[in-house]
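There are two complexes below, and they share chain A, which is joined by chain B in the first and by chain C in the second.
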Partner chain A sequence: MEIYVLVKQVPDPEAIVKVKSDSELEIENKYFTNFFDEIAVEAGLKLKEKFGGKVTVLTLDHRRVDALRRGISMGADEAVQITDPALEGSDPFAVARTLSAYLQNKPFDLIFTGRQAMDDDAGIVGPAVAECLGIPHIHSIIGLEVDAQKKEARVVREVENGKEVLICPLPALFTCQKGLHSPRIPLVMNVMKAMKAQIKKVDLASLGLSPTEVGAQASTIKIQKYLPPPKRPPVKIIKEDFPENVKTLIKLLREEAKVI
Partner chain B sequence: MALDFSFTEEQEFFRQTVRDAVNRLIMPRVKELDEKEEFPWDLWKEFASLGYLGLRHKEEYGGMETDTITQMIFYEELARGSCGFAMSVIMQILMGTYFIARFGNEEIKQRILVPAIKGEKIGTICFTEDQSGSDLGGTRTLATKVDGGWRLNGRKQWITNGPIADFATVMATVDPKLGLKGLNFYLVERKTENRDGFVSGQRLHKLGSRCSVTGELVLDNVFVPDENFLGEEIGKGVQYAGEILNEVRVMTGMNALAIAKEAMEDAKQYANNRIAFGNPISKYQLIREKFAKYWAWYEASRTFLYRCAWMIQNNIPCINECMLAKYHATEMCMYAVEEAMRIYGGNAFCSEYPVQRFWRDAKFLLYGGGTHEVLCDYLGRVYCKD
Partner chain C sequence: MPNGIWVLVEHQDGKVKKISLELLSAGIEFSKKTGQEVGAVLLGSGLEEAVNSLTPYADKIYWINDTLFIPYTSEAYLAGIVPLVKEHQPSILLGGATSTGKDLFPRLAMHLQTGYVPDCTGLSIEENGKLTALRPLFGGKVFAEVGFSEVRPQMATVRNNVFLIKEHPDRSAQIISITPSMDSSLLKKKVVGFEKAEGTKLDITEADIVVAAGRGIKAPEHFKLIEDLADVLNASVGTTRATVDEGWRDLKDQIGKSGKNISAKLYMAFGISGAIHHVLGIGTCKTVVAVDTDPNALIFNYADYGIVGDLFQIVPALTEELKKVLAADR
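And now, the complex of A and B:
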């Protein structure tokens, strides 16, 4: 079974993120693999263990390969980095066009990715890649059984007040939701292997794409302005005695905080 | 460029991977591990299955043969979780198996080292006795040469993993009058129906690092065969011990970095949220000074420790540097945990908050690799020497 997993490195939740200018963020150099993408890698590895084959992790990132090394350390066989300075500023659709340009001539049974990245929370790249490739996709799956003979998958996902079971022909793309699998903790032997792993690098020219088809200039989503979260308002201490203090509190919650 | 303080991309990746394993396996259980005061066998098995116990051993025995800086990154990240669990793991990786890997014959390595790397056998090292610890010359555990081997008699104290150990590297003297020149290391296994060996004595209940079980080992006329003598010649035990102490001291410093940082990060959260006189207490200068001092000393310690790791890795003599770095890092940690306790005010005194655990765990670092009184006496003597 040939499986591709699309992975992304996102800022660590502990990383300090500051608004540098209207259009630029300053992000501390702490990155890790998107949590949902790790679930996707686990899904690929589980199928490989059952049916054999190969798991390839693929990322589009001009600078970082952390997520690819993470994928290798978990057990993926190969890692591919699409890298080109022209990719800077790509919106999710431009990212999807580039990833699908790499995948379109590759033989595969399944593509997995996380349901969303934990930085922009867009959740667009997975479905958009499937659209570009003309294959079915199912979003946010929490259960998966593959029938290799029939070349189809039985997929479960959560819907309001219940679960939905779908049968999907392969090849297909699934985005993975928490609950599908718990990502494995890598063995140190695989960590060492990942530290030394050769990452295959692919540039735009080899994909037949020109710089005008990707990056900021080809993106339809433009970031207008970054705004820092509002500062915490000063603490207000009510100095009255009971019951006046309760009355004041309720008044403030209603009229100022507007939470009741 | 002669000076480069950056970690490689691979080292950063390794750190992130260890951090993730610690966050997922150990962090959720830290409070429970401290309160139960028992060796966490389930966690041990799960952690051992990841392969970290072979970090510094040869690949042919199931190890990874990583370099010193990578090992130190591991020790720093591991101690962020439970200090007690870190002590047990590090004992297995470093001191508990070092002499077996270095001097054991092939049969011993296959029988002891290979299962130790898998976590199936637990190891330890025994220096301390009731009248000796930092003063190794006071060792009284006696090794007497007999036909085909050695007879060992004595009691060892403060043995990390002692109550559960399957094997121990025991320091013993061929003659107490010889002082440091009489010391050697011997491999001793736990006594069974079919094999002579050590038995466990009293278990100690400790202030901190509580899930690493610690206790006495009793050697009552124990016979070990000649191949269990771990060394090339008699009387070189102290020299051999010295050759591992640089690593032990830098490792202890790494643990100190981790505990100090956890304590102060925790205290920072508390100080930003605890309101007094209408403001978070982190707005007050006396509180801010504590963070500033810690931060300055922490950064200095960390740079110094990794410089020592780099020196060890490159075989540059660094006995004094490693002592200084251990001393500096551990004292920095003492400052950090003490000030974190003060930032917490009265809340520090209850077990609901983790800060008291950092304070208790940190104290354990004062003794390993030489007490600070012994280190400072030696270092002062070296410094003042003409």
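And now, the complex of A and C:
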């Protein structure tokens, strides 16, 4: 089974992110491999262990390859970095076009990625890649069984009022949600090995893309302004004793906040 | 005048979902400024009641009538919507940031080669019909105002409870019934089963009020206290990753970075410490109440009202008191 996993290194949820100016953020240098992408790698490895084959981790990132090394240390076979200065400022659709250009002629059975990246939290790239490649996708899966013979997958997807079970022919792309798997913690030995692992570098020209097809100029959406989160007024601590505090809380919720 | 403001209407068991009415109401407000037509698009068969209920919320209702659209799959929806969008070229296409919206919109936008802003917590429009979307980044540590290039439609998905529902009895939408020519062989995926969540409560992303407990509740059976409170308030029950990882609660009820973002009007947290991973999921709730025994618990930094106290004492008293107060209202 040929499996590709799209991965990304993102700021840790604990990293401090602040607005520096209308057009610039200040991001603390504290990164980790996107939580949902690790689940996606795990999904690929589980299938490889069952059916044999190969897991390739793929990232589009000019600077960071740590997510690829993480994937290798978990057990992925190959790592590919798409890197080109022209990609700077690309919106998720340009990213998807570029990733698809790489994947286009590869003999894959499955592509996995996280439900969303914990930076822009957009969740666009996965479904958009599937569209470019003309294969089905299912977003935010929490269960997966693959029938390699029939070339189809039985997938559980979370919806608002329950869980939906779908049958989907392969090749397909699935975005992974917590609950699908717990990603394995790599052995120290494998982490060391991954530090030295060969990473294949791919640029735009080798994908047959021109710089004008990507980057800020090709973007359909544009961030006009960064803003700090709306400020909450300071907390009102209700200091009365029990049970007066409960009565006061209800009064405030009804008369001041007007929410019940 | 720019072309229409369209909303993809979601429905369940033949009824229109709240988020769709919220978006149509926003569309009508926008149209007062721009003069645009408001269009509701819905797909599926047996939707007479849903379609009729929409007439005070739009100028046109495009009902694409075929059994293949229920239950939702992206392939069927794409096949149904794309020709309609190409024919009418709406200026704006909105949807809910729901399991359907998040599955469909990125793919639809890629297909239409247009721009899409996901998971918005605000929208504004200029007189020329240019849309600006507001959305949280990095889980809500910062926000961004996002605009579109010249591409159309301008697509966005929006969270629950961002806009208020407002009926417009003066409008009476024209219903346009469409029978699509669907090639079912193109539909690759098939929904073969559905496991309905227990109980009748709304999903935590949809509920107006969410009450939640974390590890401070100490044992899974004590969630009964929280459920009783939820019943009185007609609320849904949320939780933290800590209790989900313990196996006490279902993942679908986890609030936060690796769970769900909620935007309830009222969120009440009991025995929840307020780790950044958790509070990132409640950033757009209107009013937040926290009850914790630890006066230094971080959750108080994100709350509007706080009580330093024992949840085992507070929650049952709150439930009883609310029963009384709410009964007096009736």
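Here, the second predicted complex is superposed on the first by the 229 of 260 C-alpha atoms of A that agree within 3 Å, B and C clash if a C-alpha of one lies under 4 Å from a C-alpha of the other, contacts with A are read in each partner's own complex, and residues count from 1 in each chain.
Here is the rule we go by: a residue touches a chain if its C-beta (ideal position, glycine included) is under 8 Å from a C-beta of that chain, and two chains touch if they have at least 3 such contacts.
In this text the structure is predicted, and so the values were computed from the model without any measurement.
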Original post:
Of the partners chain B and chain C, which touch A:Val259 in the superposed model: first, second, both, neither?
Top reply: second
Original post:
In the superposed arrangement, does A:Ala205 touch chain B (first), chain C (second), both or neither?
Top reply: neither
**OP:** Using the superposition on chain A described above, determine whether A:Val188 touches chain B (first), chain C (second), both, or neither.
**Re:** first
Original post:
Just chain B (first), just chain C (second), both, or neither: which does A:Ala130 touch?
Top reply: second
Original post:
Is A:Val235 in contact with chain B, with chain C, with both, or with neither (first, second, both, neither)?
Top reply: both
Subject >> First, second, both or neither for A:Lys247, with chain B first and chain C second >> reply: second
Subject >> Comparing the two partners chain B and chain C, which touches a greater set of residues in chain A >> reply: C
Original post:
Do chain B and chain C touch any of the same residues on chain A, and if so, which?
Top reply: 235, 237
**OP:** Show which residues of chain C lie in contact with chain A when the two form their complex.
**Re:** 12, 71, 73-75, 98-100, 102-103, 106-107, 109-111, 113-119, 132, 134, 136-149, 151, 188-197, 202-203, 205-206, 209, 233, 251-252, 254, 257-259, 265-266, 276-277, 280, 283, 286-290, 300-309, 313-314, 317-318, 321-322, 325-326
Original post:
How about chain A: which of its residues touch chain C in the complex?
Top reply: 11, 13-14, 16-19, 25, 27, 35-36, 91-93, 96, 118-128, 130-132, 136-140, 142, 154, 157-169, 178-179, 219-230, 232-233, 235-238, 242-243, 245-247, 249-250, 252-254, 257, 259-260
Subject >> Complex contacts: residues of chain B adjacent to chain A >> reply: 9-10, 12-14, 16-17, 20-21, 24-25, 49-52, 54-55, 64, 66, 275, 278-279
**OP:** Would you pull the chain A residues touching chain B in the complex into a rising list?
**Re:** 32, 65-66, 69-70, 73, 185-189, 191-192, 194-196, 234-235, 237
